[in-house]
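Across the two complexes that follow, chain A remains constant while its partner is chain B and subsequently chain C.
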Partner chain A sequence: MSLETEEVHARDHEAFLEEVHSFEFWFQSVEGYLSHHPYGVDPETPLPELEDAERASLIASLSTYCVGEAAALDGASGMIAFAPNHAAKIFLATQVADEARHLEVMLHRLAELGVDDARATFEARAHPSLIAFRDRLLEFVAARDWEASVFAQNVILESMEFAAFHSHMQTADPRTSQILSGVLKDERRHMGFGENDLGRHLAHSPGAHERLREIKHELDPLVLATFEESLDAIGLPRGERPEVGRLYLETVARLGFDT
Partner chain B sequence: MTDPLIDGSEFDPATAADAEPAQRSPSPRPRARFTLDDDTGFNEVPKKYRRFYRRYRGEGDELAPNEVLCPVCKVVIRSSRELRVGDRVYCMPCMSRLTIVRGDAGRLEAKVEY
Partner chain C sequence: MSDFLNAYSIQTWLESCPQGYLMDTEYGHAADAREPDLVLENPVVRQEAIGTTVQLLVGERAALAASSGLINAAPDHPSKRFLATQTLDEARHVEIFTQRLYDLGVKKAELEDVIAAHASPHLVRFAEVLLEKVDKGDFVAGVVGQNIVLEGLAFSVFEMMHAGNVEANPKFAQTLAGTIADERRHVGFGENRIGSLIKQHPEKRPEIEQMQKDMSYHMLATFADRFRGQAAAMEESRRISRDAAAQRGEGAKSQQWHGTDLASADPAELEAVLADTVLKEFKIRLDRIGLEYQTPERP
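Moving on, here comes the complex of A and B:
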C-alpha cells in the first residue's frame, strides 16, 4: 500500500486542499460513477411507461431543475473571473463541467419524455421563486461579489438541490433516479466547497457575517417557496418536508447563521 | 488536533507530556486497528482513496469505532485505526477537514474545522 493511501487523514491541510480542488482529483472521481453511463444512465435501463399525470409532474420538476443547473452553470463560470485564488478557479472550472453535464442529462431526459425543444421551453415551466432566486444570484456574480455569490450558489442553491434530488430519487422512475443519483454525487463537492470556502472566509472577515445574514434573510422566502413548489411537484407528504430542509438549516447553522 | 494514524500514546490527552500526573492513565488502551476493504462500493473519489469512505445507510446504520459520519455530505469516513476525541479526519467527497468530538448523545461525531 502506498504512503499516499495509507495516510489520507494524516495529510497537511494545504496539501489536502490542493489535491481535492484539482482537475485530476475531479477527473478520477467522476470516472467512478459516470463511465459507461451515457446521459447519466446505465444503457440497460429501459424507458419506463409513465401515467400522464406522473409524466407531467416529472416534466415540471425537471424543468425547474434545469433552471437551477443553468443558473449554477452561469454562476460558476462567471465566478472563475474573480475567484480569490488558483485552487478556487480550478475547482469552479470542474463545477462548470458538472453543471453543463447536469443540464444536458436533464434536457435529454425531457426529450425522452416527449418534450419538444426542451432547451427553449424549460424556463417557462419552472417555478417562479427559483427564477427569482437565480436572478438575484446572477446579480451577485455580475457585481463580482465573491462572498455573496458563494453563499447564494454553493451554500444555498447547492444544498437545496442536494436535498430535493435526494428526496426525489427515492420515488422517481429508474432512469430519472439514476440521473439524479449521479448529479447528487457532484453536488457533494459543490456544497462542500461552498461551506468550507465561506467558513474560511468568515473567519477572517468579521464584517461579512452580518452582511450575509441580511442576504440570507432576503433569500430565505425564495428558498422556502422553491422547496415547497419542488416538493409539491414530486408529491412528498408535508410531514416529511422538514427532514428535506434540514440539510440546508444545518449547513447555515454551522456557518453561524440563525435558523 | 491529532491524527488517528499516529500512535495513540503520542496524543492521548490523558497521557500527554503536559498533563497533570494525576490525570495520566497508567496504561492507555491501545487503539484498535482495522483493515479497510478495498471496495466499499463507494465510487465518488479516486480509486486509491475509496477504502476510506462508504455510503451511509440511514438511521439504523451503526458506525464502527473507526468510522464517523460527515455532517456536511453524510458520507461515512473511515480510518485504519479506532477514532478518538481530538483526531482529525478528512472528507474527500465534500473537501472538509473535521475533528472528532464527543456529541451530546455520548457518541463520537465529526465537527467541521474550516
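Moving on, here comes the complex of A and C:
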C-alpha cells in the first residue's frame, strides 16, 4: 500500500472513529432500544413472582452488578480529565451516562424486589472480589494512567460484565432479561472503544503489551472469582460455567492477551 | 434532599431531552437546516460567527471537564447521577458547537489552531479558576462555580443569542434552544443542591465568594473583549440583514431582550445589558443558597 493510500485510510479511520464515538451516534443508537422502555423495561411486562431463594439470588447478583456499574461510572467520569483527545472525552461522556443509567435501572429492579434502601446496601451484599477489582481500577484512574484505566475498565470490566450479563439473560425473568439486554447493547460500545483505543496504542507501543499482561494477571483471579460467586448466585449449572469464562478470555485475547 | 433529586434521574433526563426536545434533530437542529448565506458568504460576518462560536466551545469544554470531574467528588449517589446527565449534556454542547465551526467552513485539521487564535484569554482564565476547585475535589466550590456561575453565564448568553438569531439564523437559534433547556436544568440543580451543603460548611463561604468574584471579573473582561473588539463585524452583520430585509420588502424588526433592542443597540449597550442581566441573576441565585455576591472589578 502506498504512503498516500495509507494516509487516506488513516484519515478515513480517524473520521470513522470520531463518528462512532460521538454524542450523535450514541443518540441515534440508544433511541432504538430505550424508547418506550422506562427503566429499561417494556411497561407491559408483568412483575414476575419469584420463590424466596430465587429472589435472594437475584438480589445478590444485582447488588454485585451495581458495584460494577458504580465503579464504571466513577472510572469513566474520572478518565475524561486525562483522555488523550476530545473525541475520547465525548465518548467517555456517553459511557458516563450509560453507566449511570445501568446503576439506576438495577436499583429500580432491586426496589421492585422489595429491597428498601438498595443504594445504601448494595455494596454490603456484593462479592468481595469485585470490590477489590473496583478499588484497583480507581487507583489507575486516580493515577491518571490512561492505558491501565482503559484496559481495566473498557476491556476487563466491560467484558466481564458482558459475559456475566449474557449468561444471566438466558435464565432471568423477563423484566430482568430486558434490563440486561439494553445494558449489553451499551457494553458492546464500551468494549469496542477499549479494544480500538488499546489496539492502536499497542501497535505503536509494543512495550505496553508486557505491562498490560502483568495487569491482566493481577486482575484475572478477581475476575474469575467474581464469575464463580455470581454464577453460584444465579444458579448456572457448573457444566455451563466455562462458557462464561471463555467469553471473557476471548475478548481479551483479541488484544493479544492469551492465558 | 432526595425528593428534589428524584427529578434529576436518568429516566427523567431521557424522556425530556433525547426523547423530548432533541427528537428529530441532528447536532441540535433540523437535519436540513443550514447556516444562512449572509453568514457564509460575507467574510467579516463569518469570522465574527466563528469567533463567537469558539467562545461557546471553550466554555463547554470547561463545563465538560468540571461536571465529569465533580462526579467522583459528589457526596451522594443522586448527585453523581445528575452530574452524569450534565456530563453528557456538556459533551453534546461541545459537539454541536464544534460542528457549527465545521459548518462555518473551519477545516477539522485547523480546529485547534482556530480555537487558540480566537479564544478569549479571560475566558480561558475563567475556566482555570473553576477547574482548580474541581481538580482538588472541592464539590461545594465546584458546583457553585459550575452550576451557578458558569451555567448562569451560559444561560443568559444563550438566551441573548437566541433572541438575536431566531429570525436571522433559525438553525443556530434551534441549536441554542436545546442548550438553554439543558442549562435551565443545570442551574436548578446548583441552587437546590448546594444550599444545604453551604449551611453545613460555613467556613467555605469566603473562599467560594472569592472564586465567584474572580470568575465574574474574567467573565466581564470576556464580554469587553467580544463586544468592544467586534463592533465593526456587528455593524456589518446588521447592514447585511437590513439590506436583505429591504429586498424582501420588510422593515427592520426589533429583537427585544431585557428591555434592549438587540437589532439596534450599539456594542456598549449590548455589553451592558448582558453583564447586568448575568450579574443580577448571580445575586439572586447566590442569595438563595446563602452566599453573598461579591462585586467584581470592572475591566
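Everything below uses one rule, namely that the second predicted complex is superposed on the first by the 248 of 259 C-alpha atoms of A that agree within 3 Å, B and C clash if a C-alpha of one lies under 4 Å from a C-alpha of the other, contacts with A are read in each partner's own complex, and residues count from 1 in each chain.
Methods note: a residue touches a chain if its C-beta (ideal position, glycine included) is under 8 Å from a C-beta of that chain, and two chains touch if they have at least 3 such contacts.
Quick caveat: nothing in here was measured; it's all calculated off a predicted structure.
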Which of chain B and chain C A:74 touches, first, second, both or neither: second
Touched partner set for A:86, first chain B, second chain C, both or neither: second
Touched partner set for A:39, first chain B, second chain C, both or neither: second
Touching partner for A:56 - first (chain B), second (chain C), both, neither: neither
Chain B versus chain C as contact partner of A:111, first or second or both or neither: neither
Chain B versus chain C as contact partner of A:131, first or second or both or neither: neither
Partner chain(s) touched by A:99 [first = chain B, second = chain C, both, neither]: second
Of all residues in chain C, those that touch chain A in their complex: 9-11, 14-15, 18-19, 22, 26-27, 61, 64-65, 68-69, 71-72, 77, 80-81, 83-85, 87-88, 90-92, 94-95, 98, 135
Chain A contact footprint on chain B (complex, rising order): 3-6, 43-52, 71-75, 79-80, 87-97, 112, 114
Partner chain B, residues of chain A touching it in the complex: 2, 4-11, 13, 16-17, 20-21, 25, 28-29, 32-33, 185, 188-189, 191-193, 195-196, 199-200, 202-203, 247, 250-251, 254
In the complex with chain C, residue positions of chain A that touch it: 22-24, 27, 30-31, 34-35, 38-39, 70, 73-74, 77-78, 80-81, 86, 89-90, 92-94, 96-97, 99-101, 103-104, 119
